[in-house]
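Two complexes are shown next, each including chain A; its partner changes from chain B in the first to chain C in the second.
So, the complex of A and B:
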């Protein structure tokens, strides 16, 4: 009754600001206030900008995760697609000046290629995404071990990569944040204003209905996984730029945070529901949580426990709301 | 109600009614079943047969009325209650788990256990006994169900039901997957079970099977029992007479005069076949024509629509659209402007709509090409077309931004139709589009179909409601067992002709046509 009345009054507004997104932003504020009790510096612009910069790497990767989750699928190949992006970009840099120019597009292209394999497996071979992407993750890992011989690659990142990841524009706004804003704007446009985005939501809601509506569902799924692969690899490119070089396992810490930030941002893991704004909130929330846990010098084991518990707790909150509707 | 001469009935239903929303499925229905008898239930689509079975099996609860077993009133909250009381159903759709063995399947509800573990040897004995009782000794209890042919699986299904020691066995179209030889075997088993003292309720649309098997028959019409008589005392023509008589509740738009056939019909289908569900189906639909698909439920009408729309794999035969041979491999291809086909699906909740998405997004979903340029949505154009469609079909929604799931069933169905009209199809396939919606909306849909046909569309319209075939269609194709049994044109479309041909009986002579398939 009340939800219907509310949505009738301001349909556009309430659909853009649905409850989980508001909850996620409220949690961000609460975390900051909590942190400021521990140390004043939690509210300083320097700290906040630093957090945004760290968040932007996760933000780029989570963008791909959101698209795949909206489809009702999942991409578990994030860790090694991130590594592929970083390692291939640094490898290209080592080829000389032309390679340095090509570093970023080459790294992203490798991610797109592996994403296409994911998409082909899911859309055309009808293998569950959980299996295909896990397998592609293993394949990517194997390829990278062959490429590096199992050691951390010695190639360093190109100047452009470093500039994107560590530089900053006027007013001290980090370039990485600007990159994230750019990618975010594109994602919002693609999801809300294109036939591709509309089809993604449709497939996530009810694939059968989308198929019977004459949408080429296989092509959309293929494209979505390719996009997600490219974005994971681009995240790796940025990370390699940030650390000046790529490393084995550099993407391992991004799989759960990427999926968690999408889900904490109110997207349904079953697909069809979720917004980019929510993912932004989820990314910032996760980044802050990680930062605060490390600032209070929580040992790593405890950090993992709290981190997982918070995610389960928030999902319970959303799940309850869904059942009440 | 006639009392059977075989002593008091063990099962008695009195004054049972059931409504689904505004639709009454059963209205004051009575039925008495005696032990040691085979009782056949007859009736056309929507007569209430399935609801009756569901109530007896404990799948749905009746709104009113009482069910008495051995003169004790019972109320089943769940299928397990009915099963415990000795009522067991064999449904048309097989309920076996393909990757388990025959024995596992037979004992799946109540496996024999030892120390809490399934006792495999005892299970095998139970299965062997049940298979023997079902006359299927040739099935090995350790064979996997997926390795058995369909007819053997149906025998296992019967054995599984017998393993639960039923007193009342309900068979719902249980022989439709069987070959004639298997049917004969099943009949021997059923007659033996009857002689052992079981009560059998037998639902079938095959008149010759009923004639061979049943002791008693009850005819249902419009949710009520209209006659109970000893088998063999009425001719087929008399039975058809009992089954018809559904009131025409809706008002239909006038049909145009007879048209002259054009040289190239808009949709021309030749010898379409698919597995054993469609057999050499040939027909055509002219521009401006509404052609109905009739027959009893589940005779291949749905498969025919899906085959035309490119959903099914392995379809043989030829489809021509405006004279050009086409073979759409997916709905995406069928929708393309070269073919211009639309399918209004059967189940709006899982096939037609994305319930949580907005009315507007649902309406434009099948016509995204029309409201976008280079893949970018043109919101103004989308809004304009959406509003046009909402006006055309008089869709009542508070706003185009509310989720379509918040609309009433009738309005949801209008959205499904409107979303396809937005794609501007020239061939419109409809799969039972008026099921479960209110009379007022139904009439709006009838008007719309005629309007679309007049505007130059070819419409192929499957409905389970005979009055719609009579009121809406220029021609009606009656499907029986995957083939076109009869084509009725104009004035020939009467309820008597439809029921008779749906049952595969020649209505003029009352002689059973076709025989066992």
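So, the complex of A and C:
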């Protein structure tokens, strides 16, 4: 609870701007300046908006990852929950007009259902989250393989999904970014201003203490995992809207970046410490890094090495734990 | 408590996983259309040994209460490296094998260094180094290909005395040469102690840093042996992100099925080996019962979920609700 203690002394602003967040945002600016040396277009509004749009998919998924990581747990079921969201939403679209209306809620609801299984295993059966979510990931994969027959489904996404992911409102602001802003605002409110959110931080710091303070920790953990499952699936719905169909393994590329962006944003993987603003910085940073590396036509091999090295390097800057003794 | 009862209590998780594996494999082999033959065992062994070695690599780190999410990448990197340097004459190939093993150990050392000196969490460290190792593998093999020294590959994937699969002999040799001496050494015992309670281990004057370092190095080394073996099975190298990712995840499943605690400090690599063999047998069981292969991933997932849920049985022993939250 160091952030809180500090906020009481130094006002609300300094608590939001703790060191990792500042460093992460500084790195974003540095990356953009570095990119602009290569090509002027890196600073153009078009490019930046496009990057924000791509980042919003990761941003939605990382929101779920943040909540789970704040609890001190981890959700490895992201890849197939994303795929479940995308595939179930497109499958619902194929049922007809009513299905198309229900596509988005149905996709998200399937994610919530699997998230509840995660949460039940972690909160009530007390199985390590790493292994429960791994098993649920396998079950989700199995369900989708049976559902699709092992091929990428032919169903296309509903107009609403496509509008959310690819459309844009006035001023050229993409809808996906607006969705992310909306979800982000809700997440900030829930994490900072509700008993649920404060309990999440409390459990992440010390579950035993939270329990003794009268928090129904098991229910909170269950809800948090359900929320994370729903957000992963919603990310999948958006992705399916973006590509106008769902695909096998569409979520594979999102597990590690989601965890990495949460951690780069200064959240402790042990739980109890981290802010949504940091996660936003982490998401933008990772998206920009991937984009710039692909624009300068770095081969995939070099991209992976730089990607890993940047994460390690940044964490060494500010993510170190205190000496144990 | 007498000695044997103490030993039994200590190895209970390992023994349970062995029993489960034997039962499953008996069901598998007795229902196999080709019957219980040396061929059936050999194919099953070659598949199982790959995961068993990766699971063993995972065990070293898990025992210290860490986790290594880069085992799959080290596995793939060693596969690509082996397909490039374990070739040519016998002498050249032998040097190549040493080179692959040294590379694997170096990968483990990098992980260990960042975790111990850099004081980063193992889980994030190995996610990032995993990306680096995979990138290096892609650098070596942008497209699948390569070769391997065939006499060695054939010898290790074939049979000994016409019945025993050579891969099982190799696996047993690795377990005997790496795991048994390590787990009985002062360093190995220190690794268990660190996993149980790092602070207590430090207070007791145990070599905490070198115990952790040795676990990471041995993890990398064992993962590279698995990569080497993959090259012997496929005769080529491929930098596949999918292979690396699935082996990493399966290795966690295998250590848990093998009775190794993810909280550290208990379990053994022998258990993890049988956990891995069990996991592979689960996947094959559907095949012998002639069910649609489409159902295989679901079946495997449900069995995994049920198996890990059995771990909740310990809740019946909880007398005070607060014990849940420790």
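Throughout what follows, the second predicted complex is superposed on the first by the 308 of 325 C-alpha atoms of A that agree within 3 Å, B and C clash if a C-alpha of one lies under 4 Å from a C-alpha of the other, contacts with A are read in each partner's own complex, and residues count from 1 in each chain.
In this section, contacts are C-beta pairs under 8 Å (C-beta built on N, C-alpha and C of every residue); 3 or more make two chains touch, one makes a residue touch a chain.
Just so you know, these numbers come straight off a predicted model, no measurement behind them.
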Superposition on chain A - do chain B and chain C clash or fit | clash
Check the residue A:145 against both partner chains and state whether it touches chain B (first), chain C (second), both, or neither.
-> second
Quick one: classify A:211 as touching chain B (first), chain C (second), both or neither.
-> both
Chain touching more of chain A, residue-wise (chain B, chain C) | C
In the superposed arrangement, does A:136 touch chain B (first), chain C (second), both or neither?
-> second
Between chain B (first) and chain C (second), which does A:272 come into contact with in this model arrangement: first, second, both, or neither?
-> first
With the two structures laid over each other on chain A, which partner does A:201 touch: chain B (first), chain C (second), both, or neither?
-> first
Go through the superposed model and pick first if A:193 touches only chain B, second if only chain C, both, or neither.
-> first
Quick one: classify A:301 as touching chain B (first), chain C (second), both or neither.
-> second
On chain A, the residue positions that both chain B and chain C contact, one per complex | 208, 211-212
Parts of chain B lying in touch with chain A, wherever the complex brings them together | 309, 311, 330-332, 334-335, 343, 345, 350-358, 361, 364-366, 368-369, 372, 375-377, 379, 398-399, 401-403, 406, 419, 423
Contact set on chain C toward chain A in their complex | 67, 114, 118-121, 123-125, 127-132, 134-139, 142, 198-199, 202, 241-242, 245, 249, 252-253, 256, 262-263, 294-302, 304-305, 308-309, 311-312, 314-315, 321-322, 324-326
Which positions of chain A touch chain C when the two form their complex?
-> 74, 76, 117, 121, 125-128, 130-132, 134-143, 145-146, 149-150, 207-208, 211-212, 217, 249, 252, 256, 259-260, 263, 269-270, 299-309, 311-312, 315-316, 319-325
Residue ranges of chain A in contact with chain B within the complex = 4, 7-8, 11-12, 15, 193-196, 198-199, 201-202, 205-206, 208-216, 272-273
